[in-house]
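Letters are used for the chains, namely A, B, C, D, E and F, taken in the order the chains are written, and counting of residues starts over at 1 for each.
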Amino acid sequence: MMTKPFKRLLLTGAAGGLGKILRDRIKPWADVVVLSDIADMGEAREGEEIVQCDLADKAAVMKLMEGVEAVLHFGGISTENTFENIMQANILGTANIYEAAHKLGVKRIVFASSNHTVGFYRNTDYIDAGAVTRPDSFYGVSKCFGEQLASYYWDRTGLETVALRIGSSFPEPNDRRMMVTWLSYDDLEEALRRSLFATRVGFTILFGMSNNDVAWWDNSKAAHLGYKPKDSSSQFDAKFPDSGDYPAPNASVTYHGGAFALAEVRYKA
Amino acid sequence: MMTKPFKRLLLTGAAGGLGKILRDRIKPWADVVVLSDIADMGEAREGEEIVQCDLADKAAVMKLMEGVEAVLHFGGISTENTFENIMQANILGTANIYEAAHKLGVKRIVFASSNHTVGFYRNTDYIDAGAVTRPDSFYGVSKCFGEQLASYYWDRTGLETVALRIGSSFPEPNDRRMMVTWLSYDDLEEALRRSLFATRVGFTILFGMSNNDVAWWDNSKAAHLGYKPKDSSSQFDAKFPDSGDYPAPNASVTYHGGAFALAEVRYKA
Amino acid sequence: MMTKPFKRLLLTGAAGGLGKILRDRIKPWADVVVLSDIADMGEAREGEEIVQCDLADKAAVMKLMEGVEAVLHFGGISTENTFENIMQANILGTANIYEAAHKLGVKRIVFASSNHTVGFYRNTDYIDAGAVTRPDSFYGVSKCFGEQLASYYWDRTGLETVALRIGSSFPEPNDRRMMVTWLSYDDLEEALRRSLFATRVGFTILFGMSNNDVAWWDNSKAAHLGYKPKDSSSQFDAKFPDSGDYPAPNASVTYHGGAFALAEVRYKA
Amino acid sequence: MMTKPFKRLLLTGAAGGLGKILRDRIKPWADVVVLSDIADMGEAREGEEIVQCDLADKAAVMKLMEGVEAVLHFGGISTENTFENIMQANILGTANIYEAAHKLGVKRIVFASSNHTVGFYRNTDYIDAGAVTRPDSFYGVSKCFGEQLASYYWDRTGLETVALRIGSSFPEPNDRRMMVTWLSYDDLEEALRRSLFATRVGFTILFGMSNNDVAWWDNSKAAHLGYKPKDSSSQFDAKFPDSGDYPAPNASVTYHGGAFALAEVRYKA
Amino acid sequence: MMTKPFKRLLLTGAAGGLGKILRDRIKPWADVVVLSDIADMGEAREGEEIVQCDLADKAAVMKLMEGVEAVLHFGGISTENTFENIMQANILGTANIYEAAHKLGVKRIVFASSNHTVGFYRNTDYIDAGAVTRPDSFYGVSKCFGEQLASYYWDRTGLETVALRIGSSFPEPNDRRMMVTWLSYDDLEEALRRSLFATRVGFTILFGMSNNDVAWWDNSKAAHLGYKPKDSSSQFDAKFPDSGDYPAPNASVTYHGGAFALAEVRYKA
Amino acid sequence: MMTKPFKRLLLTGAAGGLGKILRDRIKPWADVVVLSDIADMGEAREGEEIVQCDLADKAAVMKLMEGVEAVLHFGGISTENTFENIMQANILGTANIYEAAHKLGVKRIVFASSNHTVGFYRNTDYIDAGAVTRPDSFYGVSKCFGEQLASYYWDRTGLETVALRIGSSFPEPNDRRMMVTWLSYDDLEEALRRSLFATRVGFTILFGMSNNDVAWWDNSKAAHLGYKPKDSSSQFDAKFPDSGDYPAPNASVTYHGGAFALAEVRYKA
């Protein structure tokens, strides 16, 4: 029998949209997959441990991470919300994860960052990981925070991070913008695999997108990961036929961040 | 029956070399294709309207463009000539097209620009759309002018342009330089399709080349168009066998602009 | 009598080290200077209003900022501390300032950021405001957060910020590193003046340093502010005579962030 | 007696605003200064020749330039106008100057270009001569044309040009924008002197501004000219006192091109 | 019968590891392949000439190169050694080759350079041919020397060079680092073919690697060669299964130069 | 009495042109200045030791450097010569210096490099230390070698170097090119002082020029040295009056390297 790469691998946010998708896909990577979420996740299956945990609770996070070798950090709030809620879940939660990881000797975290860190670039801008961030929401700001914190821990303590700026990871694109930002589940899995098993990553930013025809993001600064997406949103071209309606009826195509970057949908606290 | 993207689409220069190639290929994009040229174009076929028109005639251009939703601007002189002729056909003609487009509310123009805007780069230079232009002829200067005018109309009025810097669009490459600059007719059509139907383009420069082995131009600044050429000049490799004759017998390979950039062929006015 | 530029100008952190220095210097800029701090500031003098206020208290901040036209945001913790303390004072405090400013129509904030946003660059690196941040402490991460939040408010709401990345603002340099990072009080005042009164700043990052011989930071991306420092640390050259001791006895000269970036001084929570 | 550098030096546009200023200042540079304009210039003084000439008249330009060794090309329309007028004066006129210069062996032209070639950059953009042009007017487009033509003649024929992108050359700044773009007459003269007498210039773009506190333009790509402005608009600071009115009452400060770039002042043909 | 591109083509270092691989592969390119080495190479086969020659012997090199049209310069020491040995074989040897080539009118040399010219970049750095060199050994320094000498001969005399920075050219990758640096023999041959027969190369640097998943080097500055590798180390993925051992057991993956860049293996003279 | 920074400081090439100039100027920096040259240097004065030494003699160099704390390496051939001579004096000589420095624990070397490392750039090119080298002579290639060797020793062993690319260090400029490249003796001394006493330099390249009006080189990548030249060649403007002779009578102004880069003066071996 083949040895699995990890003994214990933690997935936070396991009850979330992507968490559910990943639950089975990551099993081959660890003897035990630890699944955590603030929500109930039901029964543990074979090879799983389930821990209901509020990431804003520092002591609980320390306990959660005992014996863990690597973390897929998908926990937190994944859309716009009040600043206070975002701060507890995404800022304090992530700080607790990193401090525990450092104290317990975890060597690598894959952090689920977001395109909303650069959501205010326009669709005619083609950027790479060296572009200054332009977040489009409190949510986006919190993801910038997570990246900065990860950079700090790498420079200071040697704890490595791949920050995966996820585009739109759904079964298929639902609007024209997602034709650009789409990340298939298979490619998401491959991005995580590359991020976990590359020999040395330091602090690396990887844009999470499939091999779509249109691209806003250049992954050459992450060429050392060897991530090669296999899917393309072009298989869904027929859903969005050619049209001379300028600009697109869904104006969200103006910015990388889509609707997040439109003034009228700003969060009303 | 499927609705076509445009009601009226104008192709200028329809009697020219590329105009003739495009005439049938663009029909699926509009209920009525308006074909204009200073030369006679014979009878209109179904779904066409034919207008003989000198683009230097401002009033005629205004009339030509009534009801038009988008323009493929291929009109003008397509090779070197006296400055005076170039000025009338390419500078004044293009100015008339843009002013009419603005006044009539046309939203997008695909402008047939040329590699001769950058013809004085050398074949060891690899440039993108941000490189300063280095025209190699009055013709090349007039194409720079068209691009600048398009930039102005975009910044000022919101009229969008894709400037397609066409390499060498012929049935097949005729010399070593065209192995680099070749743009197959199918890829030309695809470049136009992407330019017309991308959701938002602002002022975009796209180098018009197929997926050839050797490349002088980097289209990453137009990644938002999603143009993916399908042909390659490598299918014609056997026409140009390996040879140790340095430099190539046809010295035009020295510059991007080929023979246009050679001193001895300067236009004698 | 000359009219002052503002009716009400807010200085947060007015009881802090730089707050005390600025208290009198900013008086010519407003009819009323509002001074806030979590600490006691004694009696208000003429032309002042004093408000003791915890910036983490959202309602108190809203009240504090009523009628204010511009803010010099120096409040918060200005050195390394526990993450929890930093989060309350610098992250939540800054978020409250920006949200109140937006709601109340304040048009510009000068944010006291820090060189610790880029503290992990080495002393042989010469960077400008486009360099990716490399914070050296929780404190530095919190300043990155403030900059990102400011960027978001600018892109979203039009609220302008100058983020002043202060080097070392003291009466004179105390070690070799400060010969590089020193910002005299007069130059600090001038940097604030330029930041407040430039006609349009959007979101601008300005490195706060005097015209010292050695420089790690390039302010050309803030050339529109017209900040021209008049002092130089070279007046203190005699304090640090030439020496062949490599590296400098005070090893903090290795990193932009000085001692903050040294492993042994990491905050012990 | 000292020999003058040139026998014959041509100044076009000699009756224009700057032409009048330069008339006496350039006398030390040539035995004979040839002054041309479409307008009447009165009597020639000692060391001058006066030629009334429409630059759109090719034959007249050939005659005008006989024996001339270098040209200061200030002729044409210097503000916004109809495209047709701009084309005759600035496009055809400049083409005639260059073709005559080439045919007659003139070796260098200083071309009065303009900041309106880059007028659509914003006041927070700091650009150099490698930035893509963004003209703000037909006038600006015609200056881009002149630069492109000059680039072509240099690459093709070896005729050298310094394109001087003049900011605002007036006795003193008249609004906040001119505090940035101001070029004193002494500095203008020095820029011309450097441009004429540098040993080798190829095709060089020089931004024409004094040593003002605020700068939008970086002249490092013209460092081989050695232009060191001696004046600064800061001597006029008192005309524009500090103010918290954001943005400036004169909104033209938003763009490099000032009022030229504002939609409401677009030329009504 | 087809004419071969060259009459005489020289391969130096023909008895070395890659020399033996190339011996048959390059035969189609020349009527006579001249094979040289300091070691014995046995009998010449048809279409070969064999010359035993010490490249540090200037007169012998002149004789060796008579009638040669192009050179594949693989001679010299191909691993770390004393500086004195490296100097004789790689520095003096290469100088002799270039001087003879210049005197005899050879027009192009393909120089076997090495990734050890940039061996001190880290595996998270993605560099192109414009990156400053960072050699990791005397061997690497000698390859930098060869590139500089080639640059000099190109600028001065017009003798063209492609410097091929070979990664790891072996039958298959032997460690994780070689998964990145691997250059298959077929791709090596193709790189040489492109380098020899491109129409104009000036002084070009090409990184010699196959189309592997992970890449540290960007060949866009050599896009004019049209080199398209067909193999990929991914065919050997199973040799190196996923593992959570950070960093890789073979620490050589830290630097581009692998073990060459590790302090403990420094050459002990 | 003030302590001097070094006990023993070595100056190689002490009998050369610049060596003689520096002999007295460097005395304040060390208790004992060790002066070496292949030529006779006469009697040692107080505070000096004189060692006649061929740098190509490894054992002699080891002996020379015993007890030395820092080196000003000006030894070798300082103009064009046969490759063989250059190799012995500049390549082998420099290798011996570095190996001895490493073995003896010397911490810093200031290496007298040259503008001839970049001599084939044109006078319209403005470059910084990141520009790829383009040597113009065997001499220039040998200086590139020295820089590469220094880079290697820094990355490998921590031995620091400032490579000072000296322009033209003479009492005053002798031709137009030297108006650009001139480095006054006072500024040379200051460049050495900064290079020796900066707290940390790693491997730094500094262009050695005074504060001349025209500049070809940008020292911003060496901003951490704090070198501020005080002289300017403009004091000699009158020696080179304005002239319309294009190009300059002394054609050497075309290239950074001046006459070194002209084909007709290539070294005849």
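Note that a residue touches a chain if its C-beta (ideal position, glycine included) is under 8 Å from a C-beta of that chain, and two chains touch if they have at least 3 such contacts.
The model shown is predicted, which means the values in this text are computed figures rather than measured ones.
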{"item": "Least step count from chain D to chain F, where 1 means the two chains touch", "value": "1"}
{"item": "C-D or A-C - the one linked by more C-beta pairs in contact", "value": "A-C"}
{"item": "Chain A and chain F, separation of their C-alpha mean positions in angstrom", "value": "52"}
{"item": "Whole-Å gap between the CA centroids of chain A and chain E", "value": "41"}
{"item": "Where chain D touches two or more other chains at once, by residue number", "value": "none"}
{"item": "Overall pattern in which the protein chains touch one another (line/ring/star/complete/other)", "value": "other"}
{"item": "Which pairs of chains touch, using the document's own definition", "value": "A-B, A-C, A-E, B-D, B-E, C-D, C-F, D-F, E-F"}
{"item": "Contact footprint of chain F on chain C as seen in their complex", "value": "122-124, 126, 176, 180, 212-216, 218, 241-244, 246-248, 253-254"}
{"item": "Residues on chain F engaged by chain C in the complex (per definition of touch)", "value": "2, 5-6, 29, 69-70, 107-108, 160, 193, 196-202, 204, 220-221, 223-226, 228"}
{"item": "Residue ranges of chain C in contact with chain A within the complex", "value": "83-84, 87, 91-92, 95, 99, 120, 130, 132-138, 140-141, 144-145, 148-149, 151-152, 155-157, 261, 263, 266, 269"}
